[in-house]
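After this come two complexes, each holding subunit A, first together with subunit B and then together with subunit C.
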Partner chain A sequence: MIERLDQIFVLLKHWLLGYLPESWQTPVGVIISVACIVGLYPALFAVTTVLERKGVGRIQNRLGPNRVGPYGILQPMADGIKSLTKEDIVPTSADAVVHFLAPIILVVTVFMGFAVLPMGRNMVLVDMDAGLLFYFAMGASTELSVFMAGWSSRNKYSLLGAMRAVAQMISYEVALLLSSVVIVMMTGSLSLVKIVEAQNHYSYGLPHWYIFTPWGFAAFIMYAIAGTAETNRSPFDLPEGESELVAGYHTEYSGFKFALFFLGEYVAMFSISGLGSTLFLGGWMAPLSGLQFIPSWIWFFGKLFVSMCVFIWLRGTLPRLRQDQLMNFAWKFVLPMCLLNLFVAALWRFMGDGWLRWIVCSAILIVAYFSIGREGMRRKHFGPRSYRYAA
Partner chain B sequence: MGSVFYVISAFSVGGALAAVLLKNLVHAALALTIAFFGLALLFLRLDAQFAGFAQILVYVGAVAILVVFAILLTKGSEVPKEGVFSKSWLVGLAIAAGVFAALAWAVMQAAPSLPNEAAVPAITVNDIGNALMSRYVLPLEIIAVLLTAALLGAVIVAMHEKERSRQG
Partner chain C sequence: MLGDGILKGLAETAKNFAGSFVSKERMTTVEYPEERLPLPEAARNFPFLVYDGDDWEKGLRCVACQICEKECPPKCIYIEKSKDKKPDYVGKPQIYPAKFDIDISVCMSCQICVEVCPFEAIKMNTEFELATDDRFDGLLLDRKQLARSNEYYHQIHPTEASEVDARLAEEKAKVEAKAKAAAEAAAAKAVTAPATGAPAVPDAAKPAAQAEPKPAPTTKAAEVAKASAMATAPAAPKPVPGTGTDGPAPMTTEDRKNAETPAKTNEGEPKA
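So, the complex of A and B:
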């Protein structure tokens, strides 16, 4: 029964395919899987928008949406209908073709990333040998769509927003890749399915997730920072800083194209969270060996939900960074820590079992964390802020 | 091979031609991206996953962005009123044809000397990693040193500029 529940979606798919002739089964199977992914994540997106608006509302001591449906839970329906029926305005001087293509390319490349994410036991669309590489290749393609949107709008705010977004994404992509390389080094594979399997054993009822090692923990922190910046989320949401740039690269988009940008951004958050939980938090594994009776897909989506909550929490808590702070942080703190972490991971691998490697690796990382942090802060003077008003 | 090969080839050749012929520089850069992408698809069609994804990651993710940035930062994005062809296009064409002929000749000459393998060699990403870390570790390290030197050079050039502008 437990086994059956764990594999329920896989079994359902096989049952459906059983009614089809042999030659149709592979293509139709792929189409069913793709349709599930493309249907599921926008649905999650709708749920999460309410959660975010409600959650940020709570943090800011207001109510949030509460008019549509009980407790405002039907708000996404209203938003969807609104964006579908709104007029689609394209500026006269805009580059029509590029302006039209940008949101489509963004959504397509974002959804491609899900092809290699294992969402449960045996629940992966393509188990690619180079899965992680595929994921990052698709992630790199989204930058181009952001640029296309900003440039084609022929609006200085859009272009500035796009330039900021692309500069930020390039900077933090380096950190994102380097923090994931550690996992590849330890697993010896780029396949995400193999990475989950490598973490899939327990001792004393506790899992062997990569986050529970000094290098894994450091890499996870770096990954979380870089992932937040990569998805343009607060506190790294300079590209759409509304006090400076109206709405950044999607200023000139309205109606459903704007909704597509919004969707792309959220689905990218799901995707980055999914990859993060696959790499560091054991993917679809249960956090305790006694909890393995709960189906694997519940754990995957549970981890996704928790990381979305953390994203919302961060947005409600942290102030936005300044551009120079953003770049300094990426190149002078996150990047050196990631590079050092590669060495620490290699050291961990060659020191063999025992307690010594825990002490040595943790000590190196903690010392580096504090010394790089101190060095970065040394020349900055913090004191009470002085305000000058125009007289 | 079959029809998929021709579709992908048409895609990448079309992109490359558009990159040369379009008047707007940003459009040309975006068309070049299409050509890069088509090339990546060709690699994937040959079961070379690593080469294909590295092509997308490096060319679409980094080189295309760099090209676009360079265009925007150098005021070159306005469409020129007269044609985009320079006066010496005939010489350029001759040189390009010569280079293409030399490369094609080299490839044609090399083809018979390869062992005629019946089975497609199954090279996984794992094999590439092992080869890079054992047999080809010296070239890899040399490239790493070269790239680091280039990176430092770029930073120094940028820093120099900043100091000069502060003085002036």
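So, the complex of A and C:
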């Protein structure tokens, strides 16, 4: 029974496919899976928008939206209808084709990432050998669409936003990749299914997730920072900093195209959260061996939900960074820590079992954290400026 | 330490989040259409016309003196005097405003009309839900729309309204006292010189005495003392005569200025 519930979606799909001739089963199966992904995540997006608005409201001691439906839960419907019925304006001087393609490419590439993400036991669309690589390739092409949007709009704010977005995403892409590389080093595989399976054992009822190791914890923190920046979320939402850049790269978008950008941003958040929980939090695994009777997909989406809540919490807490702070943080703190973490992971691998490696690895990381942090936090004192005039 | 500020911030927002479900004081939101905060007493937006009694048309305090119309800085008041006189609430024949319009799209809520009105007839309202889909006629209020009872005035500005009522009662007492004194003087005159046959003063005094609907509550001596005190000390907070809820005949400011003799106060016709 438990097994059946765990595999309910897989069994459902097979039962549906059973009615089809042999030659149709593979393509139709893929289409069903894709349709599920493409249907599910926008629905989650709708829930998340209202959750975010309510949550941030509560953080600010407000009520948040509460007019549409009971407790405002139908707010996404109203928003959807609004954006569907709004006029779609394309600036006369804009490059219409690129302007049109940008949001589509964003949404498509963001959804492609889910192809390799295991959402439960046996619930992965493509078990690719180079799954992680594929994921990052897709993630990197969102930069393309962002720049397309900013460039084709022919608007200063759009272009500035796009430039910022590309600079930021490329900087943090490095950190994102380097923090994930330690997982690949430990697992010895790029396949996300294999990465989850490598974490799928328990001792004393506790799971062997990678976050519960010094290098894994450090990598997780770096991954979280880089992932937040990669999805242009607050506090890294400079590309759409409304106080200085109207709305950044989607300034010239309205109506449904704007909704697509909005959707793309949130689905990218789901995607980055899903990858984070796959790499560090054991994917669809239960957090305690005694809780394994709960279906695997509930754990996956539970972890997704928790990380979305953290995203919302961060958004409600942190102010936006300045551009130079953003770059300094990426190149002077996150990147050195990630590189050091590669070394620590290697050390961990070759020190063999025992408590010594825990102490050594933790000590290296903590010392590095404090020293790099102290260096970065030090205030620079500027004296009064002196002027020299030509005689 | 790097990052402890972030942790502190996260703790603060988490406290806010959790606290907003628990403590009522945190949630300062008033869900407006369903719940409202009581308006402060000093709240005001657009003027209204006060009437006494139950019939708004009969009880309007306004005597169409047009001072407010002249004083109004943005000229949002339009008044047409009536051709005839109609008995006001106390039964005294008065000119009344045949037309009294206020264009609240022009009104700037300066309250000058209220300050200049000698009859306590125009006051500031607190109604703010005046949205309409017709920006011309919908925002041009006529006298029926402007009329509000004195009880309503008491409701929205209790302190101010009771001050006004006290002032009106005082005025009434004073007028009554003067009328009585005039009547007594006329009677004395009639006794001393009955043969002259010049009944101008008694004639003028008599209708005043008749016009008083009921005797003043205070004793006569007190009234006289009060009236004389008023006459000697003109620095009352707002020495504006007019009709009380059941007061005697109203007067204009000019009337009041000229009202040196008691008989003259009872002519009762506004001249402004």
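One rule holds for everything that comes next: the second predicted complex is superposed on the first by the 378 of 391 C-alpha atoms of A that agree within 3 Å, B and C clash if a C-alpha of one lies under 4 Å from a C-alpha of the other, contacts with A are read in each partner's own complex, and residues count from 1 in each chain.
In this text, a contact is a pair of C-beta atoms (placed from the backbone, for glycine too) under 8 Å apart; a residue touches a chain by one contact, two chains touch by 3 or more.
Keep in mind that this is a model prediction, so the values were computed, not measured.
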First (subunit B), second (subunit C), both or neither touched by A:F134: first
First, second, both or neither for A:A96, with subunit B first and subunit C second: neither
Touching partner for A:M163 - first (subunit B), second (subunit C), both, neither: first
Which superposed partner A:L291 touches (first subunit B, second subunit C, both, neither): neither
Subunit B versus subunit C as contact partner of A:Q60, first or second or both or neither: second
Partner chain in contact with A:V38 - subunit B first, subunit C second, else both or neither: neither
Subunit A residues within the subunit C interface of the complex: 55, 58-63, 66, 313-314, 316-318, 333, 369-370, 372-374, 376-377
Interfacial residue positions of subunit A with respect to subunit B in the complex: 95, 98, 128-130, 133-134, 136-141, 143-144, 147-148, 151, 159, 163, 166, 170, 173, 188-190
Residues of subunit B touching subunit A in the complex: 26-27, 30, 33, 40, 49-50, 53-54, 56-57, 60-62, 64-65, 68-69, 72, 124-126
Subunit C - residues contacting subunit A, complex: 1-3, 6, 9-10, 12-14, 16-17, 19-21, 26-29, 31
